[in-house]
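Have a look at the structure below before the remarks.
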């Protein structure tokens, strides 16, 4: 016997619900982007004006955070030597998902002025997925801010998928990392 | 009085109201501070965005105690907030709003958070907890001496204390016990972890202390917990020293003023070292508190 | 039959003379004599006064057997027998000396004549010097001899002054004379004090007892318990009799205060000295000094009954303790408490008995020491002697601390275990004494029944 | 009067014990004390103009003034005991001498 | 009917039996000990609550007993702790050097406990008291330190001898050893003397301020299963004496009245007690904060809690006294629980030093929960028993308006968060150290059982205190105080009403809400403990990421140089006594014959001169 009780049609699939929730989440995420600044290079000098009254990053809901666990954006500001790359990868893996990478300056793109250095990597892309590059040597503050706004746009368009890419192509990234670094997760250097 | 499920729902409502109120006011305050610093400042609801964003992220967990501590922290704080009277006539559990419940039930939340933080296995977290507890040891004693004076005068029910101050002929305790008011406010700064006493967060020093390992929903829950804690602490000050409130608007007004004042003061201060916090609180606030208590209890001079 | 008490002195004395003739027979004579003494004492000797030589009382030598001296005799003879039994094999050549000692000790306890007492003091004293020669420390023995001789000379001096004043040497006679004539106590100060010091030397009271250290710290299983338990008990009994009857007449007013202060300071300093010592035997000997002072203090305060029990308890405990430690030292060669660590970990039974003895001395419950201590403290409180009570209690704390320290060291081995082998005989004695201490500590009825009879000593003496 | 002499002797003896570090001399001092004591004992029994306490045919009345006989008896005993003590002391002195090779306490060192 | 005397005899007999059983097999002997203790507890609990314990059977003629509410309250708490601890014996006793006597001494000291609390005269009380002292004293050196027993005995003896002095003074007044008669007869200066003496006894047993040195020594170094007994049970003997001293003797001491009517009217002695209690709180707290050994830390916390009990008794209002009594129960449960948890950890790891431990929670979660609940109660946080008692004490302190006491009380209360958190963080939480990863496992069931029972009771006492408060009300009436007004759920204080069950319920409600929030959100990713934020450094050594040493270093720096004052005082005292002894040896015991002669002459001259003048 068919139930006379009213049952709404369950036409919304689980994937659909998830997507809806994801979009709501995206709204919050793009309006509250917390930075973990990996201030390795000279581009970091552009961040103070971005944060203080001149450009006031906080009006976009952005702000600096102390640890990778809390942060959404890994901000790579400048060149990366092999020694720091290792730590960058470690830090990136510690961040909670979804996580984004913003790279400042030309060094992470192609090595910049350090392109022929044996100790500096040329393409950050090879090791961790980068969502937004801000070119320039160094990029001025407007460019930096613009980069962030671009990231927000990407999140809105669901194209800021670097962290998913990292998952999907983990083997590839890992291979690149190992190729350059030997071993990524080095043994305790200072105490043994 | 008999306790029904309704009381619980009212209590939960108060906790939720407290959360919303404090989160909004915190956002407003960020805006105000931004303006002070010649910035635009964030949107007033930025704090909500932050919290919900955190809740939406995928967090990492360091084991069951890491999660359990967070639950215990939030649960303890919600429970504490449920006892908080909003005005002198509106609260969830009638005369059971004993002052000590707030101090000690608050401690459950703190303990949960400390436990969870230490459970993360990060030394910064332990250091942060150590600093938080040490700060607590510092501000709590002068505060409690003043509270002793107030309770001696007006009883230990928060509603009772409000009604006492609202009764004709009685002043607010801020005026009646002026030294006590000062001490209370300084202690409030310590409780809120505002700037001179913000030693246990110290993001640049110990990587935000107890929070170092949190991200995602745990951090979000801790943020909620923090907002409700602030709500409890500021409300306590309002009820204890500012005569409480007869209706909700006065409460919000007083609340806003107290919180904003504390925030403004904190924004022009640097940070104490942890032992400086202790020596500071055990010097002037404690002396003032003792003097105030002596004046009020033994000499009977209550304005 | 009533004159059987004479035999207690005569038998060992005769045996002593006989024993000189044959070295071989001597040990057996010793055993037989001391055994006969014990049997005589417990089965045949009746209470009463024995007049020797048929002289009337104030003039002749007399022995009296009352509950007090009977108690003393019982303790001394039994302990003597026990100690002799344990040591007879090793110290054969001391048999004659021991017989003389027994005669002297019994004489001390029995005699009612003050000069006779001096004679026995010297006899037992000479025997004691000879016993201590078994330590092979002639210098210490020499010191004991000189000081002991000076002490007994002082006693004699005091006695003669008494004689000069009252014309009698009989204790009862003298006491009744003094009481009858209401002699001014201040006239008695000098002789009383001379006697007190003289006997104090023998009884190990504090400023007069430098001989104790030399004698006891190198003692062996014979001389240790003999001097620390048997001799100490005897002298305490004798001292008690004299104090309680004669000297209390002089100990009034300032002199009483002086004596009490002397004793109280003695107790405290003795405990402090024990506290400062690390050698086990030194600890024991200083503690026995303190206990002796307490005994005399009680006698001075007129608490006879519990003083007697304290003497008994101490004699029993000290016998065990000195036997154990001297045996251990003999086997191990050193009596530093650090080097004796863990001596009991293999000898559990001996350890337990030693601990029982120690706990009893400390006055902890379940053992005889507790009952005694509690009662004498109560009596002191009844006499409102609060300062003395405080001194004794404070000293007890110090005493407890060093005893606990020592016990723990002896029980718990540090590095290398000390192995000491105790003979069966020793063990039997230890267990017996421990059981006595335990029994009297838990079942106090015998102590309470004796109560009445001992309290009447003064009457016996007074009534003649 | 003689009592004072006796006490002076005793004090001499005590002084000797205090000041001497020689074993033989100490024994002698002890003897001096004993002698003093003995004289003192005798003196106690002494009665001026008294006669020997012996009942004879001439002296048979109890009304006569006798010297107290008891102290004399005591002194006899005391002397005997004193001799015994001295003998033992000397025996010990011999033993000490054979062990340390000296009678001087100061020269024996700390080890006993 | 349970007869006290038969119980005592039973314990003595089972002590002897357990000796041989333990000698045969330590496990069997220990199990026998459990059952003996259980029998005693069961018979006390079965008849005691209705006051039906039989005291008339007189097998041993000199002993006589009486059941009082107060005595029974203490007895049942302490026997309960004994019972709980005895469950640990099968796992511990076998390791000890004198395992046979361990069980014997344990049972004998239990007999002493029963003798103490059901004694009807002071002599028996003192007897049992001393009996406990030596039986427990012999247990202590089986642990780590041999010296601990010495200081335990020293302070205990000082206390019990002081009490004996007081008893004797009392006897000289009343002429009998009867407790009620003796206490009733006191007045004036004698009362003050007896009061001071009993107070010394109470303080030294309770390990309160001037006499606290033995507490960490003994508790810290005692065998692991005996520390809970010492802290949870035997220390409470001091509280029992304090009841006599403060609540029964002090009222008859002379009163000090102040002219100003606003000032509190209390006898000076009372203020002294309260101040000393406060000092204990502060000292105990500060010392506990800087302690590294978990057991010593808990020992100092016992000292601080002893201070609370003293403050509570010292205030002497019915609320305070009820708080004090309740605190005795709450602290007994809490400290027994905490010590047992530490013992369980020590059993697995072999150390109680917090700087050597870490991450035990991952292997011993139940032990962790036990410890957590215990410390929550210890810190006085709802919904555990400690909160109720502290609340009552706070009410009383505030009611009396004692500012300086309040400082101590609140300081101790907040400070207790600090020190109880220390083992929690360093021992249970934090990094899981490598050396404990493999071999450590959860404690066996027989050990968990008593811990869980205690945990349940910790919660019970914090949620539904009315039954216990009803009982303590009976005790208050015995003491001549008005009962605290309680209903089924409420405790009515002078300044407010407390409903512990409601707090617990709301707390539970809050946790449920939080749990719902937690569970609906996205599941989090599990990572290992080593994967923490290290500023990008690769650290592979757990020890480096484990913050345990000098946990409260910045705070300790402020007072570290004052922490050894009391210890130095007692050490100096011991040295002085030793010096007196050495001086005495120098004066009296040297090898010169002359000195003795000189002393004789000097004393004679002194007397003669005194006689002539």
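Chains here go by letter, A, B, C, D and E, matching the order in which they are written, and residues are numbered from 1 within each.
Basically, a residue touches a chain if its C-beta (ideal position, glycine included) is under 8 Å from a C-beta of that chain, and two chains touch if they have at least 3 such contacts.
Predicted model, so just to flag it, every value in this text is computed and none were measured.
Between chain A and chain C, the least number of touch steps comes to 2.
Where touching is counted per the definition, the chains common to chain B and chain C are E. Distance from the centre of chain B peaks at D, each centre being the average of the chain's Cα atoms. Relative to the C-alpha centre of chain C, the farthest chain centre belongs to A. Chains B-E form the pair with the most C-beta pairs in contact.
Taking the mean of the C-alpha atoms as each chain's centre, chain A and chain B sit 35 Å apart. Rounded to whole angstrom, the centroid-to-centroid distance between chain A and chain E, based on C-alpha atoms, equals 57 Å. For this pair, chain C with chain D, the centres built from the Cα atoms lie 28 Å apart. Here the CA centre of chain B is 96 Å from the CA centre of chain D. Counting partners per residue, chain C has 139, 146, 150, 214 as the residues that reach two or more other chains. Residues of chain A found to touch two or more other chains are 67-69, 94, 96. In chain B, the positions touching at least two other chains are 56-60, 207, 212-213, 216. Across the assembly, chains come into contact as A-B, A-E, B-E, C-D, C-E, D-E.
Against chain B, the residues of chain A that register as touching in their complex are 21, 24-25, 28-29, 31-32, 34, 52-53, 56, 58-61, 64-72, 94-98. By the touch criterion stated above, chain E contacts chain A in their complex at residues 525, 531, 533, 536-541, 544.
Those residues of chain C that touch chain E in the shared complex are 139, 143, 146-147, 150, 154, 186, 189-190, 193-194, 197, 201, 206-214, 254-255, 258, 262, 268-277, 286, 345, 348, 355, 359, 362-366, 370, 374, 377-378, 380-382, 384, 386, 389-390, 393-394, 396-398, 400-401, 404-405, 408-409, 411-412, 444-445. Listing the residues of chain E that touch chain D in their complex gives 591-594, 597-598, 601. Residues 14, 17-19, 26, 105, 112 of chain D are the ones that touch chain E when the two sit in their complex.
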